[in-house]
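So, here's a batch of structures to check.
What follows is a pair of complexes built around chain A, which joins chain B in one and chain C in the other.
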Partner chain A sequence: MTTEFVFATAQYDSGDWDSAPLVPANIIDTIARYTEINVAPTGVIAPLSDPRMLRYPFLYLTGHLPVRFSDAERRNVRQFVDRGGLLFIDDHNHDIDGVFHKTATEEIARTVAPLAELPNDHPLYSSFFKFDGPPTTSHELNGWGDNLVHKHLLAVQRRGRIAVLFSSKDYSSEWNYHPDSKRFLSVDNTRFAVNLVVYALTA
Partner chain B sequence: MRSLRRRFEVGCRVVAFALIGWLIGTSIFPAPRRVVERASSSDVLARLPSWTRTPSSAALHATLDAAPSPLGVAWLAALRHAGHVVTWNGAPPASIAVAEPVIAPSGGVRVNVAAPANSRLILADVAGTIDSTRVTRDGLGAGFTVPLSLDSLSLHVDRQPLTVARPNDVAPRAVLVVGDAGWEAKFVAGALEERGWKVVTRFAVAPGVDVRATEQPRIDTASLAAIIAIDSSVGTLGAAVQRFVEQGGGLVLAGSSAGARSVSALAPGSVGPRIRRNVAATDTIGLGTTGYFPVAAVREDAIALERRGSGVTVAARRVGTGRVLQVGYDDSWRWRMAGASGSEAAHREWWSRVVSSVAYAPATLEGEPKIFDAPVVALFGRLGPPRPAPVTSRGGVDSRLLLAIILALLLVEWTSRRLRGLR
Partner chain C sequence: MSPFARLRVVRLFLASGATLRALGWGIVAGLSVLLAATAVDSYLSLSLATRHLLQLVAFGAGIATLAALLWRDRRVWTLHRVALWVEERDPSIAYALVTAVETGDSTLVRTVPKDGWTRTARVGALRAPLVPLAATAITLIVLLLLPAGAVARIRSPHPGDSIRGAVRRNPARSRLSPLLARIEPPAYTHTSASTVDDPTEIRPIAGSVVTFSGQGRAEGIVARVNAESLVANARGDQWSIRMVVGAKPAVVRLTDRSFERLVVINAVVDAPPIVSLHKPAKDSVLRVATGSLALSADATDDVGLTSAAFEYIISSGEGETFKFRSGTVGGSPITAPGATHASITAALPLDALKLVPGDVVHIRAVARDGNTVSGPGVGASETRALRVARTGEYDSLAVEAAAPTEEAKNVVSQRMLIMLAEALEKRRPRLARDSMVGESRTIAADQKRLRRTVGDVVFMRLGGNQSAEEHSDDDAQARAKTMQELLARADSATNRSSDALDFQAGESPVVAVNKPLLEAYNAMWDASTQLELGEPGAALPHMRRALAAIEKARQAERLYLRGRPPQVVIDIDKARLKGKDKGSPATRPPLPAADSATRSFESRLVRAIELSRNDAAATIDSLTVLRIDALADNPGFAATLLPAIDAMRRGRGADATAALARARRMLAGPPTVRDSITRWGGNP
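And now, the complex of A and B:
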């Protein structure tokens, strides 16, 4: 048996890192539902300022408020990326003029490297389910936030692999519900999360 | 009394005439005169040209604390064939050196040396000394890994020189990493890719769903150097793995994968219950810090390569012409991700060495450079076992001494007769 996959939510000193508290359980449910990946039944919270965050090679970071890493957070995030981790950042505002987008992208540029558009034929979109690009969210289509449908995700790549993935799609709102509620959906809107995790575990 | 004296006089005369006769005989038929030429390790090569010019009746003897170069041994053997008595004695250190290419993208040469305990080993190439070590008191030799060498490598075991050619580089074939989708499989494959290996992956994600490279290689030594099994999903490859190993392919059975039915017969041992360790929040994560599957019941034809406490963590075994390595660690990725400074590079290096130690290498081709040297074996083979030096023969007693003895005998005999009043 392989060591289990633990869904870890990044905790940072600035902002509201816990703005989507139901996402971890929902993603864990999705992973268990579609795959044989040995997934831990509960997620963990990994403070970015603590080097123990390196024990979780997949980190989910979200929020609405400005993101400013402390020196310790910046040092750990840099090391996390250098060693092969994947940091998935989702803008809970869905607003490219919002403070989260501005500050988080600046912070990633300062800490790791500037983000660039990820092509929609990237292996991420076919690592399990097939997508033509990042799936849209109801928040995009309802005109919330910046009233835009973002055609691409942004990413920093290292050695041909995604090291930091940045989404303005607001998956944090889209996936922030109790897993039992999936039965009310005609198409499970968390399927892209399977691609994220499978990509992180195999690329 | 008189009779006794007369007998003495007759005896002196008989002996004197016998000696005269012997002198005459040896002047007509001279006895062969044998000269023994001697040399030591330090000057034997310098003496060979002059020995070649000596008559074949001369015996040649070398006292050696180191076997001469192949040229010197061949020259001595030629002198023996030319009629010289060639002998040697002494105790040159029994040693053998073998060079083999490191099967890894970075290349390099591995030199293994068998040498007596406590002997000092110095490795050099034309550019100078590369490394040195001393064989331990109960050791059988030592090994050197040289990333880059210029031309041939020379080695000294104490005063014994050995020379091995730089073997031809071998471009390693691909490595197949098979496992369930997980951090260990991902980071093992990643580490090998970062070290320059061509890696092909096959990760099981869901029933009937693999994430795999678009071009899957055939399971044979024409395509693959090694297979790394991360877990029991290696069983999906079936009997192909056994065939591959018997052909000479390498197999690494990590974690609990040795328990898979299709490979358990190949494994150096069985899989023991996982040893779990309590890791404190402040602990630095290293290889095996969080536990491992010990190699239990190590087979008689397998060898334990690494132990941790009372448990074997790495064991190896030959199967056919291939090699199988059982590695008990199932979460080395933690070492890479959460280890101390430099752990990422150490993780890469460790896995590359693991694969390199079993990776398939094509058989040596004709025309390969001479990659081994065993000078003492060559010495025994060409000149036979050590023997004491032949006794010097001068062709008889010095004739001047004999002449003096004859004169003395005749003088004694004449004096005796005169004292008796005879002429």
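And now, the complex of A and C:
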């Protein structure tokens, strides 16, 4: 049994699950940069249809195309949530009228439960860094997608814990760069990822 | 009229009288049993099954009495006995009639009174049933004097009549027994209401209305479900409590002063429809999007479907810029109430969709049920994706008029070989062993040829040359080496469970995509060995495994075409705590162990079992509540508790030990296999 945290990208059959290929490395770098969490130097790809995805406490799912789970994917996601895992879904279209948002929210409602707004004082926003809510992304502000600044994330909670977290903020675009480029940023825009991981690993 | 003809008329009268008398006593016997049962039921409130049994007993008693009397009087059908009966009543005949019957000579009877014999017989026949008729009347009068409901419970027992025929009970006794539960399913299910007597567990569909009712005043009777308390309402000399069934299992705790009764409501949730998309059967890539696409699907539902249709989404664009269109085809409402199955077909006109190269059409079938309580339940099939190839794109999946790919050829051929092997296996009983082995080896030769072809494909993809198997015998050393290498790669690729998901951790996507082909290669090896031995039956599972693996390889192309994501390995030590900011984490304990729920169940089970020494009823209640709590988290454990609860309810006649042990084992999980024995003197 491994004791290190392994960042897992969820692979699903219906869409472009690998649309933000640099996000895993960037988040791994961020976790190492701010915490002492024993993190694996590379991420893994976890097919949702494979029960081995249950090994990972945190799954990152993104894409632009429709999200339609197969029966096996749905069964495993349900079990993943039941076992206390955190599935973080980010809409790479940053468009609430887009097909990713529509199909993913529908699929989560069917597989787990309907998503609801997560209050901005939720412990997620203070699990490591303090945030007043979900940090905005440059893609929200520059007119892409639905041209909206989303004030809340959506979530399904189980026994007081977030089981599925859904973002329309497009962190996938915001964080999809080589970690070496962080040195050019005055404020590291991936810090929220630390909160996500710390929240997923603690009660 | 001859003496014998006259005698036959007398026999008819006597037989009728005897039959009527037997019938009358049979009726009296049956009614007497019913009367006794009614009297007993008035005091003991017999169960529905017992009352059904008593009905059978009453009927049986009647039939038995009738049969016994008919058997006793069976001699009335013989002319000899009838002649004796006449001789007894007319001594002047001086045995002439009996002698005539015995000898068959009617002339021995000199004189025959005109109607003397028949009149006597008629009177006797009329008198015979008088006593049983009187007894029947008395029994009926007694039954009529009893309360109507009490008799009805015995006369026509049915579910829900446990509180009919109310008898005034001792006010000090519990009003929770007898108990009746009436279940009214939601209207959309088109099913009628039902009732359950003395329920311990009911399984209504979610949204049903359940009414518990019993005898006596309503004051002081309360039902608690979860945190909600419901007070009983009065209805005549009965009480009732009405509640709507939620989606989750619940325990209703009915209380009357110090009396308590638990009823489990194990709600059945209306499941969403199950939809299977038959056409198109697979994802595909189109060179040109013209013509129409046939769609067909089946939908089934546990309660009833209301509509079914095909949905499609067309995604256009690439990279960060996508546009989407969506629509529905073949939609039709399903009007038949309670239709649990529907087949839908439609044609998707590709021309009208104006697809351009690069577009992807996602198609699925969707069905809705009539659930008005928590729905409608929406079921969807798996999604099929049709991609229109981009200009200049020539990958292995582009469809054009050309020879099939190697994998496709293998699929066709492997299917043919399976069919040949199946046919041979079917003919096995009629074939001589030599012929069997000969034909089997012919198939084995084809199987080997296919295996070599698969090997070629794998070798080429893994960066090797054409298959080493085609080398001459002079290259035996090289072939053996290459085969070992291939099998090592196959074994490595197919058996590495820990690395299988981790492309970035070293496993080549090419190897991963080729895994199914390697599996097929190995399965074909096993199949050809069995075929060589003349055992097509033993070869078939391997052949089917090979076919499934090749099919999987064809599907895997989709994954491969997406390409390998860039691999960035973070130097953790170099990056460690080099961030510009410091976090201020709130105090957050680590996540509890995943099996804390299991431990909780285990301790509750132990406590419930300990209770059984002094209070079996409390144990039953504890196990019942535990079972309901476990239904969602550990359904296997909940299922094992049910026989234990049933055994404890049956009382001394049934031993719950084995069932409780099974429940305990279910919680403990499968036994742990250790590589070696543990050290002495300590816990493992």
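General remarks:
Following the convention adopted for this analysis, the second predicted complex is superposed on the first by the 201 of 203 C-alpha atoms of A that agree within 3 Å, B and C clash if a C-alpha of one lies under 4 Å from a C-alpha of the other, contacts with A are read in each partner's own complex, and residues count from 1 in each chain.
Note that a contact is a pair of C-beta atoms (placed from the backbone, for glycine too) under 8 Å apart; a residue touches a chain by one contact, two chains touch by 3 or more.
This is a predicted model, so every value here is computed, not measured.
Upon superposition of the two complexes on chain A, a steric clash is found between chain B and chain C. In the superposition on chain A, A:23 makes contact with neither chain B nor chain C. When both complexes are overlaid on chain A, the residue A:51 reaches chain B alone and has no touch with chain C. By the touch criterion stated above, A:3 is placed in contact with chain B alone, chain C being left untouched. By the touch criterion defined above, A:201 lies against chain B and chain C together after alignment on the C-alpha atoms of chain A. Of the two partner chains placed by superposition, A:193 touches none, neither chain B nor chain C.
By the touch criterion defined above, A:115 reaches neither chain B nor chain C. Counting the residues of chain A that each partner touches, chain B and chain C differ, and the larger count belongs to C.
Of the two partner chains placed around the shared chain by superposition, neither chain B nor chain C is touched by A:153.
Shared-chain residue A:84: touches chain B and chain C both. Remark: of the candidate stretches 40-48, 238-246, 346-354 or 382-390 in chain B, the one overlapping chain C after superposition on chain A is 346-354. Overlap of the chain B and chain C interfaces on chain A: residues 34-36, 52, 57, 83-84, 127-128, 198, 201-203.
Those residues of chain A lying in contact with chain B across their complex are 1-5, 34-38, 51-52, 54-55, 57, 80, 82-85, 127-128, 159, 161, 198, 200-203. Note for the complex: chain B touches chain A at residues 179-187, 190, 193-194, 201, 203-207, 209, 211, 230-231, 255-256, 281, 285, 330-331, 333-334, 336-338, 344.
Chain C makes touch with chain A in their complex at residues 272, 313, 315, 320, 322, 324, 326, 360, 362, 364, 378, 380, 382-383, 385, 497, 500-505, 562-563, 565-572, 575-586, 588-592, 594.
Taken in their complex, chain A has these residues touching chain C: 14, 16, 18, 21-22, 25, 28-30, 32-36, 39, 41-47, 50, 52-53, 57, 64-66, 68, 70-71, 83-84, 93, 98-99, 103, 110, 123, 126-130, 173, 178-179, 187-188, 191, 194, 198-199, 201-203.
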